[in-house]
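So that you can tell them apart, the chains are marked A, B, C and D in the order they are listed, and the count of residues begins at 1 in each.
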Amino acid sequence: MQVNETFTPTIVAFCCNWCSYAGADLSGTNRLQYPANVKIIRIPCSCRLNPMFILRAFQRGADGVILCGCHPGDCHYTTGNYYARRRMTLLFSLLDFMGIERERTRVEWVSAAEGAKFAATMNDFTQTITRLGPNRRLEDLRCKVE
Amino acid sequence: MNLTRDPLIPMVAQVTDIRADTPDVKTFRVVGLDGKKPMEHIPGQCAMLSMPGVGEALFSITSSPTNEDYLEFSIKKCGCVTNWLHAIEPGQQLTLRGPYGNGFPVDTDFLGKDLLFIAGGIGLAPLRSVINYVRHYRERYGSVDIVYGARSKEDLVDYQEILTQWCREDGIHVHLTIDNPQPDWEGHVGFVPNYVKELAFDTGKTVVMCGPPIMIKFTLAGLEELGFRRDQVYTTFELKMKCALGKCGRCNIGDKYVCKDGPVFRLDQMTQLPDEY
Amino acid sequence: MQSRVIEKAASLLESGACTRVLGWKAGAFFYDVTPAVFTCAQEVREQMVFNPFCGANLSKYLIAESRKEGRIAVFLKPCDTFSFVQLQKEHRIARDKVWAVGVQCRGMCDIDSLKELGLKGVTAVEEAEDDLRVTTLYQEKTISRKEALSPRCHTCKSRKLLDCDELIGDQGQDLPSSRFAQVEALEAMTPEERFAFWRGELSKCIRCNACRNVCPACSCEKCVFDNPNSGVQNKAAASSFEENLFHIIRAFHVAGRCTDCGECTRVCPQHIPLHLLNRKFIKDMNEFYGPYQAGGDFDAKPPMLAFTLDDPEASIITNGRDGQ
Amino acid sequence: MKTWKLSTLDALFAAIAGKQTLYIPADVAGQPVFARWEPGLAMTRALNTGRSAKDLFFPQVEDLARFRVAGKTVSVSPAQALQEPFVIFGVRACDCRSFDILDSVFLAEPADTFYQARREQATVVTLACSQPEETCFCTSLGIDPQAPGGDVSCWMAEDTLYLQANTEKGEALLASLPRLEDGEKPDADSSVFDKLPLKDLDFSAFSGKALMDWFNSPVWERLSQSCLGCGSCTFVCPTCQCYDVRDFDTGHGVQRYRCWDSCMYSDFTMMAHGTNRPTQKERFRQRFMHKLVYHPNNHGGQIGCVGCGRCLQKCPISMNIVKVANALKEGKA
């Protein structure tokens, strides 16, 4: 596997409005460090995440995509994250089946109180993606800046 | 080897003025980047306007070729590109290519004829080019009648120009109508096809018609009732186009391409073509 | 079988039990049969066929046909009946407007299988018990029916005829099937090999949309890929990404609803094994959430419309690799 | 006429590819397709490619221009037309005829410069057929599969490849190749072509009758009823030339490209107010009317079909131009 010292990955984090988005805020107010190249997109619930969003993120230059939602049982809308869990499990399995690195996608449950977990998750995910190198298998060459 | 610019590649042009004609029609004044009129055209011809990333669409050139300074396009807000156009401000650049199509036979068949223009709603846009051309070369043509209808007084495109110029000229008879009565409207109320029948025009006139397909169908029936022949009636069509060069293959009515063989057709040509428009 | 199907069709029309019959119409060759609606018995007797090449799944036509006046009779093979049930579960077919005649099946043949055998210029095929007598421009040859089967029929999951109003042949039963073998073989590869495999296959795609349009599960009135406002409307496979996107989303949108009828692969003009994507979803759902057969019955809840509190997390995905 | 040993066909390809890009029909991922020749790539055993040879002149996707939009300003940079010469080997007579049909559309004023550049850069080497498929009916469109045309015609017989230059471009290609020997090809056996089941199709009727009679034929309803509305027939067809022009926002500019489009698609003629071909019947009719009536009307009677048989092989529901033409002539489906 190619290890590139100068490679800074672009990470897209889809965060549920009711938990991990607030968790990201909390990690900020607590001055916890997480990489600046994590781009957070707020969604109303983890089950709002259309699989197309994930693929589009890769197309537009993401090297890793992570979904953060409420812990099972804690969904603001009662059951949204249970559906999201099934969908993402299947989607990620298919991506893996098509040879797209399994580690490039991740689901993590982060509550509004878990600022530290949010920062740690992002640090860890960024490290993983840095190790993996740039996204080549789901890129769109047209979107590369020449 | 041929290295000329492909006809699909547009030039950049600039919108210098935007006039709100009706609640959903604006007229855009377009010049080239050099500030001059970007192309010469025949009344009835069209051009492709586009905003990269939004889309490209075909519009009638509304201004008369006798206008030497700019092109004008009267555009109704109804789809992707037109929504974008209605949101822009003067100074905006866009792309332009053309002119396309055959145009009206203003320098051949129309010469010396009494002309009857019939328009509905935004259908006035392509006719305005002809009307102003005819007004400019007034001596070349006979009498001019204009029947123009819209849903309401506010929907009459170019209402000011009609009132202040067209209505005041000798030999031009303007007949306006709106669909429903309105407190500040003293003119005729009713649909265009019926109004045309009421006016009982002399059957020697050459008819130039544009409007929604349903208006064209009923007006044509009315004209035939009055004794007009189909070969006296000209109209202009518009269908979905991508190339405007007769190659992308979608704007055909039977074996005729609207972009290349049209958009102006004499209605007797249409009797041998399918009703797919 | 053919004579029984034709007689049934003709008698349904003659008795007035149905106003139309959905079946197959003969073409220039034995194998080029077209799905067609017949309205009179004479037409049925003259033009209708039912032969081993009538592979097309007719269920999807019922969405439109069952909305019309009068009742339509339809001939369904076992795997077609799964789609028939699934579409009813999705409230896409008006059941009372349909008279379903189940036709038992021994597996359907495919002209491409004949070509695989090296038979060129096939002009006629004659069915004789378990053999096919094939006449080509160059030779005459007898092959076994099994050799001519469509690849999907080699791994048939079930010969059960579901929800039919009457049967031609027996009811049939589920079969032991090795249909996941190919998926497992791919899972056993390295990610690099899998990527190379799919890139090779999907790069052949010409975005003709045949896989989508034939799919009984793809029954949206307007597909997301046809929506100019979706941002993904792409008529051509403009980049490798677009190819991947289309096929991932196509398979994902039918996950839990795909009955594994295999039409997508049958119709692909580029011979891309598209069913493997759908089948991977089926296999995963079976493993993660318990066995489920789309269209297998009217009661079971589709896995993508359900959940349990202790569903596995995405970390369950191993695809053949031992505990990552 | 020149000859080359078939056992060393690879060396012929290498000699051509040494000077310019060479495309041959080869199996790629199990599908016969015109592929760029590289050492080791062998010709397919299939009679014809799944996708037609039009790909090389009118590719499925092609960039037209790039735009930059900044504030209220727009700038355009047109894409470059192809400037490298190339050779396409192994084109069958049907596909070779399809170039004439495409020419009549793309080279008509104003010419499509992207297409024109490719046509000018290409040397077409055709290959005569000896073993047709049952779906072949080029002979009923006046094409001789054993005299395929192009810049160079080739025949394979026994262990020898015979080459005959037909144009200056063809002469130049042959002159650039080493070790070509002189020879005369033996007379080919054409008896198999007489056995073709579709050889007697007659397309002459379509130019003899008024357009509206065909258009209003009662058969369209029935023929189109099982059409899935996919684009297989149009995309594998060597003469289908409809295209769409679309913009793709790359995030750092806008790429305008053209791609194949299909008249079978519901959005082909969709405008803001709706479409003038609302059901599959109208779209289906448009495709076949175009091939059989509109195109011949506009291009001196030239039928828009070359009898390659691809739509017969690829249509998911086996509806094709042969069935349509027969049904139209009989007046019943």
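Here is the rule we use: contacts are C-beta pairs under 8 Å (C-beta built on N, C-alpha and C of every residue); 3 or more make two chains touch, one makes a residue touch a chain.
A quick note: this is a predicted structure, and the numbers were derived from the prediction, not measured.
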The distance between the C-alpha centres of chain C and chain D, rounded to whole Å, is 30
CA centroids of chain B and chain C: separation to the nearest Å works out as 51
The distance between the C-alpha centres of chain A and chain C, rounded to whole Å, is 36
Averaging C-alpha coordinates per chain, one finds the centres of chain B and chain D separated by a number of Å equal to 39
Chain A touches at least 2 other chains through residues 142
Shared-interface residues of chain D (touching two or more other chains) are 244, 248, 261, 270
In chain B, the residues touching two or more other chains are 80
Among line, ring, star, complete and other, the chain contact graph is other
Which chains touch? The pairs are A-C, A-D, B-D, C-D
Within their complex, chain D touches chain A through residues 248, 250-252, 255
Chain A contacts chain D in the complex at 60-61, 142-143, 145
Per the touch rule, the chain D residues reaching chain C in their complex are 28-31, 33, 47, 50-51, 60-61, 131-134, 192, 195-198, 222, 225-226, 228-232, 234-236, 244, 246, 248, 257, 259-262, 265-267, 270, 312-314, 316-320, 322-323
Per the touch rule, the chain B residues reaching chain D in their complex are 1-12, 51-56, 78-80, 82, 89, 91-95, 239-240, 242-243, 245-252, 254-255, 272-274, 276-277
The residues of chain C that touch chain D in their complex are 27-29, 31-37, 56, 61, 111, 120-123, 136-138, 200-201, 203-204, 206-210, 212-214, 226, 228, 233-238, 263, 266-267, 269-271
